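The letters A, B, C and D name the chains in turn, as written, and every chain counts its residues from 1.
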């Protein structure tokens, strides 16, 4: 079955991306060797979120397992913009699939620099704007306010003709309002959901488990929340939606497409199986056929009652 | 170990309530007989949310199981205020534990009537204000806005000296702001969390599973979300917090108390075991001891770093 | 002669040992030893969850599953032997079918309403007509046994999609008064079980009939319509998603004929045909 | 003589059959048959998840668990026999310990860094001192075997809380060059294993020592301090919560001596003592 598709002009061999920050290909290549590239599990690679300056990330512990999910408080460790462009970008360009670079900043000026410098590179097919990370306290969480999101998009839109994808936070009462703000500001797509604010208590001591007290929940536990948000957002905006949140197999990926997503991303499931992306793709033809679809496009255009 | 405690002046033999709408004692008594009353599993009974007029509730399906949780879209079926006072209240007064009646309305005037009529009854120890139900579209979701919540509380506070507990919605960016609004308006306590907006796709057909399209997620899947919200709210307000969301045993109940809740409520776990409330209570002494507490009060006053 | 009031369930869930578990014609049968509960009545069901490993790879099953008992007998060393007939349609039923002898299973119940006796339904009733479809033959099997015990004549009409969905017939039904229909024509009548019902009602004096049915929603609705049109009293054992089984969650709503909803776990699962608006509530609208 | 580069893990997780599973002195040992993977190197670990019933009563375990191999051998019918030593501390380790022969277990790996040889750590090294605590004796056991195979002398110091936390010693260690410490004094030296290390270092020429250690964080930090103070090269096999094991999630952060964090799954689990800021990162501050 033909699974090829596109998202805001980026041609894809299939609809399966990775969630930003859930698959460091450079590390994975060290561990698994060239098999990683030869059998690359995604149709498009989304980088971990890049920031202006290098960041060490949050103090340990950064992880806790929860019922059918996990909490992370990674805190965006990374080499910063220059380190990324000089050291990492070349390796990401060797994967044979389009590259989307995720960026985040705590002010519009830095966002502008990030978008300008990243978009200037031929290796980069599109840019994802992470306005939603619950771990970095920027004072202003842009992605919580429709008007702030629209203003940021209006500032960034003139910088590049390459697709700009806004990654929404699920921690709002009405995500469709933020999505409408992104669309009004000129976004080419929205991706969702990022992690849901969460905390855990140390099983052995009377303290919170995570080094910074709280983090973000992901995995199958949040899938019903993600499906609800994708559904309302896809119904509200014209631009396409990249759907994610607890996708663990082809059936759950297809649920997101039925809820209104154009393409999907696999995050936490990569930790359980490094080839989870391939498993989703290989299961899609049967999942589509079982629901009576002759092609991916049919499912993408199906509308739920 | 002594588990007795109190919440806004209501004396309790222990800290375990039921979540509103998760344990219809009148039905359970028909099914299980007097054993239900003799071995009543909760230290305080919270009624299903009562509305002004009788409501049939939502069309089927109303339930779907999710990874480590469930979605419901029950839609507050009930006999309405008069039916409740005339038919149901007497049975709820026979349980031998304090009774909190949950009420909900879509305008302040109806809320005033509900609180006045319910508070007038001696059987009633306190009133829970459900401003958070995600299933009933009131146009205005009071519990999403701190100022609306405060205004509602200011209108209701003069009506009764009995405790008024505000049940918060988790579907907001900053629940502590709403809690502060409730406190400023005169609330005696907040209870949290209600269910998290969620949806499911029919496994067999290309449609949403729930009759009304979406519903609310509960169960262990949401526990990390609830713990994070209880933690920030308990740190922000002076009034006590009734903590709930995925409590399934004594250890998870204690986690809520460590996160800042004064007492806890068991919801979805009742469906897995009608005696879940008793199981939580009977496990609490060992759970407290394992964490080095000599009494419930010590855990209630412990502060997490 | 009246059916007894419904037995009262012990408060709380109890662990029961799995005594037997085996495949049967595309379905699965397992046996639990219940040493605490009262004898259930035809039509009733239990909430079941494998213990302790309920909770599968994908975080489901999480809630217990409503399952009708298919046979009850006294256990030699005390308590009851309860047989259940399972159609593996998802994570819960699969997990139950994978239990092995010696495993433990959480059980709550018995829950719900029981079938009336034919004379309670229709004072003229000469006997009963039982219409079962697929996994719905389980409640029909227990009703048939009770009728045999009480000396009340009955005829059973059982319908199946194909041989792969026809488990339990030989074990649960004597062959004498039972007629089978297979949609794929692989045996018995080729077509729907409602064809057999219509034949029988044409031959019989419809005014002396009392019909009982359990099976897929579309079949139940067809049986219901056939009976309502002919003013034949009919009781249906319905299904609906259930979280608790004891009236706590209000999840198992079925629309009533006169508006509003009943809670199938306590007001059913056995309902009169005229009581409900449709036996297909929640199902995708057909055509 | 240099240790070989780390072996490369096959891409993706693979099902492995459980060949054996048994209790051992409060711990649990099980054996997996890995027919695809390369031979692992001392210090490396695997990510393991019981298949298909990973996912327990409370929705956990959900992620795979990092487990060091405790012994490797060729399997008679091909592939490797991998032994793992398990301390049941929560849902993941309990589920792994409950696997039975014939069950299947998902495995990814081998992952992570390997121990250096003593001469790589210290050109003067005459042999190796291995300090293991509790479940941390597993990596020490594989290192000891490799040293034996290479003809390099080593002494093992193993510490345990009590007999109930001392599994695997007899099986994994020859008794000859091994000294034991029990905190409860039930056997061997009464006290900490670090007492034994200090005794040894006093007797020995510290300049010819190379120390390796694996065990609980407080023990590792004590060993690290002892060695750093005496400028004795030391390699530690650390633990940290891990979600992926292959560098994908950035979850397994351990603070580096010069600021920032390393990812323990790819930059460790074996690290030099001077490389890290503490072996107790994330632990509640003591005192």
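By definition in this document, a residue touches a chain if its C-beta (ideal position, glycine included) is under 8 Å from a C-beta of that chain, and two chains touch if they have at least 3 such contacts.
Computed from a predicted structure; not experimentally measured.
K.L.:
Listed by label, which chains are in contact with chain A and with chain C?
P.N.:
Where chain A and chain C share a partner, that partner set is B, D.
K.L.:
Centre to centre, using CA atoms, which chain is the farthest one from chain A?
P.N.:
Of all chains, C has its centre farthest from that of chain A.
K.L.:
A-D versus B-D: which interface comes out with more C-beta contact pairs?
P.N.:
Between A-D and B-D, the larger count of C-beta pairs in contact belongs to A-D.
K.L.:
Distance between chain A and chain B based on Cα centroids, please, to the nearest Å.
P.N.:
Roughly 34 Å separates the two chain centres.
K.L.:
Rounded to a whole Å, what is the gap between the Cα centroids of chain A and chain D?
P.N.:
Result: the chain centres lie 35 Å from each other.
K.L.:
Taking the mean of the CA coordinates per chain, how far is chain B from chain D in Å?
P.N.:
Centres of chain B and chain D (C-alpha means) sit 46 Å apart.
K.L.:
Nearest whole angstrom, what separates the Cα centre of chain C from the Cα centre of chain D?
P.N.:
55
K.L.:
So which bits of chain B are touching at least two other chains?
P.N.:
Residues 64, 66-69, 203, 207, 219-221 of chain B each touch two or more of the other chains.
K.L.:
Give the residues of chain D touching no fewer than two other chains, as numbers and ranges.
P.N.:
Residues 55, 58-59, 62.
K.L.:
Hey, how would you classify the chain contact layout here, line, ring, star, complete or other?
P.N.:
complete
K.L.:
Inside the complex, what are the residues of chain D that reach chain C?
P.N.:
Counting only chain D, the residues touching chain C are 51-59, 62.
K.L.:
List the residues on chain B that touch chain D in their complex, please.
P.N.:
Residues of chain B touching chain D: 67-68, 220-221, 248-249.
K.L.:
Which positions of chain B touch chain A when the two form their complex?
P.N.:
Chain B reaches chain A through residues 64, 66-69, 71, 141, 144, 169, 171-173, 196-201, 203, 206-208, 213-214, 217, 219-225, 227-229, 231, 246, 251, 255, 258-259, 291-292, 302, 304-305.
K.L.:
Along chain C, where are the residues that touch chain A in the complex?
P.N.:
Counting only chain C, the residues touching chain A are 58-59.
K.L.:
What part of chain C is in contact with chain B in the complex they form?
P.N.:
Touch list, chain C to chain B: 8-13, 49, 55, 58-64, 90, 92, 106, 108, 111, 240-244, 246-255, 259-261, 263, 266, 281-282, 284.
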